[in-house]
Every structure is written in structure tokens, then in C-alpha cells.
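Following this line, the structures themselves.
You will see two complexes here that share chain A, one where it goes with chain B and one where it goes with chain C.
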Partner chain A sequence: MTVAFPKQAFPGRVLEVTLPAAEGGTPVIVGGQNALPLAPEGEKHNPVAVGMEVGTGSGEIPPSLAHALGGREKDPVSLARACEDEWGASFIFLSLSGCHPDNGSQTVAMGAKLARDVLAAVRCPVIVGGCGDEEIDAKLFPAVAEAAPRPVFLSYADEKNYRLVGGAALAYGHGVVSWSPIDINMAKQINLLLSDIGVPPERILIDPLTGGLGYGLEYTYSIVERIRLAGLSGDAMLARPVLCHLGDAWKAREAVDASEPSWGDPDVRGPRWEEATGWACLAAGADLLVCRHPGNAALLRGTSWR
Partner chain B sequence: MLSLARSSLDYNLGRRGGDAPLGYPETAYELPVVFGLTDMKVRALADAEPVLSLAEGLIRKPPTLANALDAGAATLLAAEVLGALSHKGGNPFPPPSTGFIPDSILRKLGIFMVDGSVPGVAVAVGKADDPAAAAAMIRQFQEIGLLVFLAGGLVGQAEKAGVKLGDDFRTFPLGPLPAVIHAVNFAVRAGLTFGGLGRGQADAMYGYLANRVKAFVCALGPLDDIALAVAAGAMKAGFPVFTDQELPEIPGLLFRRAAGEEMVRSGMEARGIKVKIVKVPIPIAFGPAYEGERIRKSDTHAEFGGGRATAYELVTSAPLTEVRDKEITVVGPDIAGIPKGGTLPLGIVVTVAGNRMQKDFESVLERRIHRIVNYGEGTMHVAQRDTTWIRVSDEAVSRGFTLSDLGMMLYAKIHADFENIVDKVSVTIHTREEDVLAGLAHAKTIYAERDARARTLTDDAVEEFYSCTLCQSFAPNHVCIVAPERLGLCGAINWLDGKAGYEITPTGPNQPVKKGAVLNSVKGAWDGVNAFVREHSRNTVPGFNLYSIMDAPMTSCGCFECILAVIPEANGVMAVNREFAGAETPCGMGFSTLAGSVGGGAQTPGFMGVGKHYLLSRKFLGAEGGLPRLVWMTKEMKEQLGADLRARAAEIGMPDLIDKIADETIAVTPDKLLEHLVKVGHPALSMPSLL
Partner chain C sequence: MALTALEIYKLLPKTNCKECGLPTCLAFAMQMAAGKAGIEKCPPASSEAKERLGAASAPPLPRVTVGTGDGAVVLGDEVVLFRHEKTFHHPTAIAASVSDTLGEEALVERLRRITALSFERVGQTISVDMAAVRCDSSDPARFARVAAAALSGAGKPLLLQGPASALAAAVKEVGASRPLLCPPPEELEDGAKLAASAGLPLVARARGLDALEAALAKARAAGAKEIVADPMPEDAGRAVADSICIRTLAIAHRAREVAYPTAFDLGGGFPNPFAAACLLVPKYASLVVLDTADPAELLPILTLRQNIFTDPQRPIQVEPGIYAIGKATPSSPVLITTNFSLTYFTVRSDIEASRTPAHLLIAECDGMSVLTAWAAGKFTAESVAKILLDGGIGGQVEHRTLILPGMVARLSGRIEELSRWRVLVGPQESSALPSYLRRLPPAAFLPANG
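Moving on to the complex of A and B:
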């Protein structure tokens, strides 16, 4: 006797979004699926995209990460090149963290120049993140939007600054990462607000805020899953690709603390912590991952089980 | 304008030929006005020919408003061609005039228009009779943060008066009068860049200009034919025109106003331009951090109300024309005049106006006074309406705090919090006994009207309830349905709040819920409500009965003011409030233990979180027989709701019901409870079995 697998057919489909590349580069195309990850049914023609973060700040990074980056962390341009050419990142998440007063105090002009330099150095798509300081980002996003010689995604637009970031994206033809603090209704609302001011839906990615393993990952997991279920069930505002930034995994003591020898080699533990966070995000339904460790770019990219 | 353009085009055609290029420098939109309003491509001189023919076709007799507006469109097209012809060698005007504004500046400034930090656009044209007044007006535009375009004699006048001009001041002296077209082609490009519009989408473009670009035109001094044509063009684009000349007004389009402040105010009002207040200008700190601050008697400098003097507060709405925004008046002595520990009578009267303001929202705004006054460091507010009680601390007074600062707090915060429904706010504060008494009498009639209105607001009388999904961040599948006769379980949101919440943030957590067809009027079930709950709980809750605790009760997030729980032995329900610290209640659990099993969006028959005031509702547990089911409640709740509960009990013909309800001093076990109920003859015992 054969038992048929129950198959769930959803009425909705995640909108396909393209992150444009430079000439000669490969654009990242995500979304377009009409089913959940790990389930056998449905169409999922776009693989998960795994990008790498390139920071610009002066702050120290965990030693295990520094070893893996081979000392390139102080030079965003060469780091970005390595991410693309050596480690196979599908896109670069350029975090202009160095513009934060606590992390280098680079000027807005300097931040914009770094964005331009990195964009010139790589051919893959680039997402440009602000520094996290509200006032500085209010100047930084317009400056980056103007300086970028090709379309990027600006990360991120939230409840407070969505008009500014959305406006900057509209002015120069960029995309927007819409951010919400692990809150499905807020995720929907930001997307509604962005579409209110005219940002086209195919230029929006959802960042639901990713907590690292042991530090809120389960909340993220649940939100990503629900965003995806809502989107597939027909809520167009949530039927958008989801981006999970795994950076938070490196804030876990368990990932970086070298003072606990019984926990094992931090050079192994750090990337494992990030990797585990990444797998969970993929299982929940994430379409794009941003990782910091070169090894994970390769590991997570091979997600044939999607 | 048309003939000017025609002769200039003919001249250029003759000299340079039809293939010579025609266009503005540094733009991706050819001749933007032509690009936005027609499907004609203009790249060379010859291409301008059909544009002017089209314009000529738009000029018709007789002189009706529609024909005049079409002539306005013709002006725009002709002026655009003329403008482009004049730019063949770049900006044709001497400094400081800028001529055509390139795309790069449009993009930069456009971000701030989308962002709202540039709240609107003022276009000032002509030559002022009084240059000093005109300069003052332009400076006022700059202070407000408007994007300013100048054309005509005003450019020279402004420069002479030392008005700061240029990018940094968002003030662009375009050139002589016809150069005002560069303000129009700027606005059109805003629609193309930020509005997602394409070539030739004329209707959409007019809609964008009229609704999204908050621009108005101030025409100063005598208007010649060109100025009139330009004005008609502006009106066609949906920009109202204000003139200081004797001209017949056209409702909504052409207004006669004195140059200066009046014109600025009218322009902003006509376009709904609001200025965001970044910091409330008062001598004390202001913010939610101070909300919980208590001011002790020994630290109090002045006191109002609270039984020591007459006081009241009132928010009413009025037509837009009757409210002067930011008018803050104190009538009578101020705080500075009273000695420490003194009191004064106080009447706070806030008048608001707004196109989307509704009378029903007055009470919602009024209740906000409590929070706003508490936001001040050194100001404390208790109660509401005519029981209001305000204390101002010594420290606040020593920093120079006055009652007009109190007015400023209310003004600024009401604007900020109710941005979408309030356009104007004025505050009057009375401190003379006779004024306060007279005001109070008036306020009381309004309170009475509101109470009467509240009584007519019943679940049966309204078409829509409101949802609240604010708590879905931690109770993912919980949906509150807020009805006139069942407020939100947190007690913080009633039906009017939900309604106002929706007006304030149309994309927010309060959405209207059409009741739909009645499925069961006793249990409180509607198909519209169920459909909404199903969708917004993402298919986990199929629906619920608003007035039942046993049959598919409403879910609870976790914020409930009190919990209702069935006591099977007593054939009734108990109510325990959040503040109750005891570990024992007749159901065997204290509040916090109970809360653990009630919250999280679960539907648990027999248990339900509610707002305290729901106990007073005529719809309270309608499915189970209503208030007579209440067999136990905490002493605190009994005292808090006392008078109202008694009134409600009397209403259902059981005036002694409240005395029959047990509390923790009488029983904390089912046995003891039952014993008591039997002794007093509680009606629940003879009601149909709950289970």
C-alpha cells in the first residue's frame, strides 16, 4: 500500500527580487518560491544567496574571525575583493559602521567614498548598511545613494527613517532593506509605508532582525516562518524575500570567549556558532544570509536541500 | 507666452535648423513638462513644433474656468519650450539666478521632500510693492524649512535685502518671470523620479502634483499677462495661487491675501503643510521618562484642582477657520504670582481643528492631557475632566516654568501624536475664579453630551469594531476585537481609541473590522469578525464569541487587567485583577499563576482576560447570563468599580447583587465560597449549569 504525502499548495508566491550586479558580475535573484523550505512540494527555482559582511569600523573583531580574514579586515576594499573572488560571496553587505562615533568616526563623505570604492572593486551586488546612529545615518544614506555608481540596496529602513531611506532609494534607483525588530506586524507596516511613498515592491527585502544562536534566534526563527507563511497565504506585503544577517552570532560569549578551554577551540567554535545560526534561518525560510566567516559562505551556499 | 515661444522657436529654426538639439542641461527627462504631460519626444528643435501646436489647440474660448486651466497647461508647455531654447548655452541668466535646476539637485532635495524634512514648496513670483515685506516673507519660508523658488523682480529685491539664496538655503532664484517654469519642471521631475511615473501619464502627473507636491504660489505685485498665464499654469498643476492684488477669488485655486505672514499661513493651510516640532521650547525637560514622577507636597510650588480649587480640562474641536494654530493664551494670574504652596483655579481649554478630526475623538485627545502633563519634569497630573489635579514643583518654577509652557506642552504633543487628524491646536488657560466657573459649567454640558453619546454607542448600533494587534509581537496569533461594549482586555483601548488609532496610523494595529452578518446575537458572533480573526491569527483561531467565556471565548495576549475564571462548584465566575498579590482565589490559583495559562493567544474555555470595565457592560458574559454569574471578585476591584457595579446591578433588577459577591476576606476556597453563596442566596446558584 502506498501512502501519498500530504502536499500543501499555497495561494501566494514570494516576489522575485533582483539585486543588480556590475557589468560582468552575476546578479543575485531571490524569492519566487511558492512553498516552504525543506518541504518537497512547490517551485523553488532560486537558490539561497549567501553574502559576506565587510565592515569599515575601527573596533576589534573576534580573533577567530580575524585569523580567517587574514588581516584584511582593516581594508574594506581588499576584503570585499577577497569575499567575492576567494570565498565566493554572492553579494557584499558593506556595513559603514566606521561612521559611528564609537567605531571610528569617519565622516559621511568618507563613508560614501568607501561605498564607491568597494562598488568599484567588486562586480557582485552590494547592500550598504548604515552605522546605526540615527542622525549620522540620516546624512549617510542620501550621500551613499548619490555616490553609488550603480544600484545597491540600502540597509535599512525602519519605522522612523523609512521616508528618508525610501526617498534616497527612489532618487537614485536603489533598493531598500526594510527592518523590523522581530515583529511581523511591524515588518508588514514598514513595507506598506514604503509602498505608500512609492518604493516598488521588487526593490524591497525584509530584514526581520536576526538574533544569534542562544540569544534570540528562536524568536527570529518564529518570525521568519510566520512572515513566510503569511506571504505564501496571500499577504502581498509579506511575500518578499527575507534577509538574515548572522552578525549577532559573533556577539555570543559562547562563540568568542577563549577563557573557557572546555568549550573547545574558539577558531572552530566561532564559525560553528555562526553556521548553526545560519542553518536555522534557512530552515525558517530565509532567502539571503549575510555571514562574516569566509568558511560559512561556502558551507551555507551549498544548501541543496532547499 | 505661446507667441513668445513660437517666435523664439521660429528664429532658432531659421538660424540652426530643425536637427539642432533642444533640451535642458543635466537632466534625463528632455523637456520635463512635455515628458510628463504628453507622449511627445523632444530632442531637437523640430520636435518642439508639435508641442506648440498642441498648446495652441488648448487655448479655447469662451473664458470658462476649465478653458482657463487648459490655457494654463498651454502656458506650461510653451514656457517649457521657451525655457529650453534659452538654455542652449547653459544658464542664460546672470547670478544669482540659477535657471534650470539640474537633476542632481532635484534628487538631493527630493529625498527631503519624501522624508518630510522639507515640508512643502513655496513659489514666489512677481515684483513686490513692499520689498522689505517680501524679504521677510521669504525668510519666513526658510525658517519653516520650505523649498523656495523665486522668479521675476523678486529675485533682485530679495538679493538686495540680503536674503540668503542658493542650495544651502533651499532657495532658488530662478530668473525673470517666465523662468518660473523651472519650478514646474522641477515638480514634474519629482513625479517622474519619486512618484514612479512614466512618460505621458498626464492624469497621474496632475494627481501627483496636486496631492504629493505640497506647493503653493505667491504672486506679488501687479500681474501682467505673462504673470496671469503663469498663474493659470500653476493652478492647472494643482498649486493654489495667492495674490496681493484685487482679483476675484476662485475657490480652492486663487486667493486674495495680504503679502506676509497671512499669505504664508494661508498657503500652508491650503496645502496642509505642517511643521514638525523637534523640541518643545519649555524651560523644563519633557518626555516619557518623567511620566512616573510624583511630586510630593513639600516639593510643590503650586497646585491646581484636586479638591483644593476648581479645575477642569476640556478638548473640543472647531472648524479650521476658527482656530488659530499655536495660539496659547493665559487669562488671569500665572504661577509666578503665587506663593509656595498656593493654589489657583484652573481651566484648560484646548481647541483643535483638522480636516480628519471627528467630534468623537475629542475625548480621546482629552484623556491624553494626563500623559502629556506628566511628561514634564516637575509637573504632575492626576485624574481627568473636572476632577483634574495638577502640581508644579518648586524646581520647575525656579527654572521659569509658567502656565503658557504648560500650554506649549499640550500644543506640541497633541500636534505630534495626532498629526494625521489635527491640523491646528490652540490652548487657553483660565485662572480667574469667575472664568473657571463659567468654563466649568460649559464643560459639564459637553461632558454630559459625551456621556450621552457613549451610551448610544452600542455593539448593535455600530457597523464596525476595531482590531488591536499591538501585542502580536509576543502573542503572535492573538487578535483583540474592540467593541463599544467590550473594551480591549488591557483596559487601555476602547472603541473610540481604536477608531482614532486607525485615523492616526491607517497601517497600524487598529484596523476597522466589519461586523458582517450576525451569527449569534446573544453570544456575540459575527461572520465578519470571525473572518478577520481567522486571517489575522493566521488561521489558528477560527473565530470567537465576544460575550462568552465557555464557548469559543476571545483569546488573550497577556496584558489583561483582570482574569475571569469559571468556578464550577459555584456555577459562576470569579474576577481577579492584576494588582491582586494573594496566591489564593477560589479557583486555586493567584493572578500570576492564572495568567500563565490564560495568555499567549490561546483560546481556553472557562478562562478569559478582560478589561475591568467590561464587568460593567450590558454585554458582560451575555451568553452565560451576565453579571449575576459573578460570584467572587477581589475587594480592590469591588471598591474600584463599586458605584458603577451597583448601578448596573440595579439596572438588571438585583440591587443587592454586589453585596452577595464574595471576596478574599470571605472565601478563597470553592467550599467556603459555596457556603457563602448559599447563605446569601446568590442568583448564580439557580442559573442554568455552566458546564
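Moving on to the complex of A and C:
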């Protein structure tokens, strides 16, 4: 070819981050690349990691998801085992949603115990998410940090609670997911704040808030692209692996509504809705994806070429 | 490679004659470098300057039009690599394939399914754009017949895939509809000559970028003017990598040799076509061909395309104002929401599902969702009160009761204070509106006394 592919030499490189596993398990290593996703250039040693969400709440889940999980969604420990052993999840995102007053009202102690049980049941890395209620999470994160028998990542630290979550992580040797609402400046700010209190950079993942397909995905797409471009161009605070949580895809009416026959079989449409959200995040530059549908763990993982 | 202002300046007459409307040639050069002016605005420029600068200021990616009239599909003509830099203009066209070996009934059914792939989302129609007719029969007459049937049956622009002899037969039937001709790589030259003589657009196909570059040169030499490039990848990974290479070369490096819109055929046993389509929509494909006609797969792909191709500076929005839903009367409920299209159409369809006629007030919020607008200070007690007092709704209803989105319950006290309307806090999610509205006592909307 007379016109060779123009190699973009970026000055920066995404920091490599390791999510530790239990003995005998495989740690997840992400980041380390010095190029944009999917382009045939640069060094990309680490494939995108695809994990699965394990919820603990009592809320309803969409039927197409329930079919696929085969009843295990009622038992977080057995669900987590299936995610790891049967469906090939590289890590577990344990969402302690059941501690929310509207979603089961489990006590903080119960939440921490569930985290311990799940950690004992699987060998892969685990990220532990709060319930979304500010006051409860303020007690839940320290309790989980203390109860966890091995290092996890706590999700998430935002502008309000970063001292608490960062502090709990530091005290017990965990990592932190830093969260901001689709805003590159806030993403940078929260990482600065975490580094101010001493959280080591190789223990931080960025969660930019993932809007589901049709419901804000385009905003997430561009923020992830901008975070990646800024990081590769040398902004160290943004040169961190990005985690996209695909759960919002399941909130879309198009993903779950069975009353519109012209939209096709909801058992196909639901997982495809999540999968499409995942591919877009991957194209934008995500390093970790969290999905709910078992089939999608395998599909989205099949990208050794990223 | 784009020229700098100084490089452009060197080619200008440097007389500062002002015919271009700018005070100096340097000022004009700066405008040109910024892509805001073209050399045609400088009449005294030498012919050498016109030629060199004309090429430099031409759009980085040519535009190819397939089809005619309202349904015409535009491929290419993009100016940025990342949508946040400006916007992506021409959505990836999606074509569904039709084989010319289908029997009469199967063909009609296939075309019916393709036409049915059309959905309403946030006030826009999103649908499959083209039918790709494949010559699997090796019978030119049959191919031409099926192409004509596809054109009238699906009513969409055509992509014609087949040997040059079949394409020639089909062009006689459907040439006036401006189909896109796609000969196999080994018959590129004949296909290109046909495209040139009929004035039609052409797909040049060859596996790999080196072979593709040669194929594009061959197509140009044979006289084809509007060309689309297909690097014939074997899997999704190769497809996105090729697509990224071609677009990066075109836009960031102005490499004319490969600066063409791209087409990818994801049918005929291509592994994992759904994944490939989802990656190719944001990553620059101008056209993808799919064998599936399953709405459960196409609705997500079309929605992804709609998301990626919206203008990042301007969310899809609706006009602020008072919208009557159903046969709204002076005693029907009044609700309020923002002018973000996604919010408006979601709320509207939920009110419709309740079968309760209502007045829906749309607040001007720069196209932001309820919580985003609240967080940005665009949806406030003051702005809501102003709509209630000055927006004309007072003349349309007898009562003075407003239903507020549940997410902004905290505004209710202040709205009551400022407007003297009564505020009812509605559900957080509008999907709960049908049961909420049905449970509301009619007394809530009795005429206000005094």
C-alpha cells in the first residue's frame, strides 16, 4: 500500500490495574494500552474484562433475564458461582442492592455477610457495589471493607463520599471505583481527590456512568472516548481503566416490553439490547464491562482483538 | 494532509485586493485553513493555486448518493473522527439482503418483513434504509426481475450484488432508481465501466487495504465517479480495524487514494454479524448489509445508530408549549415535563396509555431530562411558576392543580407559593402514570373557587 496506516503515537499510556483473585483464581489485569480501542496499532496486552452483576435485592427482574438465570437470582452465592464457573465471568460485580429500603431492607451486617459469603464462594476478583442510599452506604462500605477476607474494589466513591470510601479502602487494602455523572471534569476531579487522600493510582477504576442504549448511551459513548483521548494524550488522572456497567440497558422499555409484537421476541431483544450497549462502550474505549445476561458474558468476552 | 495558513498564504496572489471580502490575503489564508472559506472566493488566484487549494479544501470524505427523492441514502461526507468534535452527519445505512433464488411467495414475504423494519423512537422514524439484492441464481434475467420486484415491493434504494452481466440486465430495469452496483472483485473493471456509462455509484471490493487501494484506482481509471470501498474483512475484528484505518487516513491524513465511504457485507455466513454491526455503526461504516430481518436484532442496531448520530451539542428536543393529549377539556389534569424529546415522548405515551385526556406543559429546558434540567438549574420552581402564570394554561382549564414529576418533588412547596396553584407530586417514573391518573379523585380538578 502506498498510503501506510498513520500510526498515532500517543505520549500517554493507560495505567495497568490488577483486580486480585483468591488463591487459585485468575486476577483481572486491565489497562496498559497506548492506543485507541480496535485500531490496528499500539500495545494492547490486556483484553477487555467482562464481569457479571450479582444483585441481592428483592426487586423484580425482567423475565428474559430471569429465564436465563434459571432461578439462581434469588441466591447470590449460587448465582456468583454460576457466573464464574458456567458463564465465564472474569469478575463478579456484587451489588448490595438489597440493603436499600425499597429493595429488601437488609441490614448493613447482612450486606457485609453476603459479601463475605460470595467472596468465599468464588475465586475470581470481586467488585462490591453499595445500595445507592447515601446514608446506608456510608455504613455499608466500611463494614464490607472490614469483612472482606481478601482485596476487593469498592464501588463507588463520588465527590461526596470519597473520603469515607477511599479511607475504608486504604485501611483494609482494597481498590476503589471512582464515579462521576457523565462529566469528564468531574471524573478528573474525583481522581484528584482520591489521590490527595493517598489512594494509589493503580487501585482506581473510572466509572463514567453508563446510560443504556436509547437512554443516554450517546453521552456515555462520547465521555468514554474523551476520557481515553485525554489519558493517552498525557492526562495522568484520566489515564485509568474505565468500567462500564451495562445494567441500565435493562431499564429501557424496548429491552423488556413484551406487548409490542412488532419489536420481536423479548427473549432475544432484551439480551441484544444489553449486548449492543456493551459493544458501543467497548468501541468507545471501556476496559471492563459488567453485564447481567449470561450469554453476553461469553459474547462480549470474545474480543481478543479488541 | 491539511495545509496550514502559511502554506496557503504562499500560494495566494499576496496583493491584498480584498475581492474575497477580507482585508488581507493572510486573513483569507487563515479562514481557508480553518475550513471557513474556499479558493473560489479569490478570483485573482493562479490556476495552480486553484488546483492545489481546491483539492485541499474539498471535503475529506466524498459523498455518494444512492436512490432518488426522499428515500435517497447519502454515504460518506463526514468531517470528524470523534462525534464530540462536531457531529457525525450521515448515519450508517443499513441494508437487508434479498436473494434472487427466492420463490414468488417467499420473495413477497421477505420484502414485507424488510418494510416492516421501521420503528418510531423519540419522534423519529428509524428503519432499514436499503434492500440488497443478491444474484445467487447466476441468471441475469431472473436477477433483473427480482431487482424490479424488490424496488417496488420494499420501496427502498437498492444495492445490486452480482456479476457484471447480471448488473447490466438489472440496470435496464431499475437504473433510473439510482441503485448502488456491487460487482465481484474479479469483474470490477466491467462493473466500473457499467457504472460509468450509466452514471451510477459503485462498490469497489477487494480483500485487505493494499488490494483495495489498487481496486479503487482501477475503478477510477474505468471512469467510475461515485465509489464506495469494501475491504472484504473475514471477521468483526478485521472489519472494525479496516474501517478505522480507512476513515483515519481520509479525515486525519487526507489520503485521497482511499478517502471513500465504506461498505461491509455482514451476510452470507459472516461470523457474529450483530457484534460487527454494533461496532461498525460508531466506528465509521457508511453501509452495512445484514441477512437478518429479525426486529429483535434490528431495533437495537437502529437505536444505537440513532444515538451515535445525534448532534452532541443539541439533544433531540420538542417545542415548549401546551400539548393536549386526547380530548382534553377544561377539567382535565395538567402535567408538566421538560422539552427533551426522550422525556416528552416517554411521558406522552404513558399518559396515552392511561386513556385519561390531559394537558401536558412542556418547559423550555434546552432539551434536558427532568433531573438533568433540575441539576442544571433549568427546571426550577420559578420557571414552573412562570409557565403556570404566563403560559396560557390558566385560560384553558378551570382548575388550578398541577401534577409534578416525582423526581422533583422538592420543588412543590415553592411552586405553590409562587403560583398559587396546588401541586400534586406524581410518580417518579412516568410508567406509573396510568395507575396514578386512574386513582386520582375527579375532585382534584374541580374549578378553582375565586
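Throughout what follows, the second predicted complex is superposed on the first by the 304 of 306 C-alpha atoms of A that agree within 3 Å, B and C clash if a C-alpha of one lies under 4 Å from a C-alpha of the other, contacts with A are read in each partner's own complex, and residues count from 1 in each chain.
Note that in this section contacts are C-beta pairs under 8 Å (C-beta built on N, C-alpha and C of every residue); 3 or more make two chains touch, one makes a residue touch a chain.
Everything numeric here is computed off the predicted structure, so don't read it as measured data.
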| item | value |
| --- | --- |
| Contacts of A:272 with chain B and chain C, given as first, second, both or neither | second |
| Winner by number of chain A residues touched, once chain B and chain C are compared | C |
| Contacts of A:222 with chain B and chain C, given as first, second, both or neither | both |
| Which of chain B and chain C A:233 touches, first, second, both or neither | first |
| Contacts of A:18 with chain B and chain C, given as first, second, both or neither | neither |
| Chain B versus chain C as contact partner of A:107, first or second or both or neither | neither |
| Which superposed partner A:38 touches (first chain B, second chain C, both, neither) | second |
| Partner chain(s) touched by A:171 [first = chain B, second = chain C, both, neither] | first |
| Partner chain(s) touched by A:262 [first = chain B, second = chain C, both, neither] | second |
| Doubly contacted residues of chain A, that is, touched by chain B and again by chain C | 222, 226, 229 |
| Partner chain B, residues of chain A touching it in the complex | 142, 145-146, 163-164, 166-168, 170-172, 182-186, 189, 192-193, 196-198, 200, 222, 226, 229-230, 233 |
| In the complex with chain A, residue positions of chain C that touch it | 82-84, 116, 119, 121, 209-210, 213, 237, 240-241, 244-245, 248-249, 252-253, 255, 257-258, 272, 274-275, 278-279, 281-283, 294-297, 299-301, 303-304, 306-308, 310, 312, 342, 346, 369, 431 |
| Residue ranges of chain A in contact with chain C within the complex | 1-3, 5-6, 8, 36, 38-40, 213-219, 221-222, 225-226, 229, 253-254, 262-266, 268-269, 272-273, 275-276, 279-280, 282-284, 299, 302-303, 305 |
| Chain B to chain A touching residues, read off their complex | 104, 106-108, 110-117, 193-196, 469-470, 472-473, 476, 507-509, 538-539 |
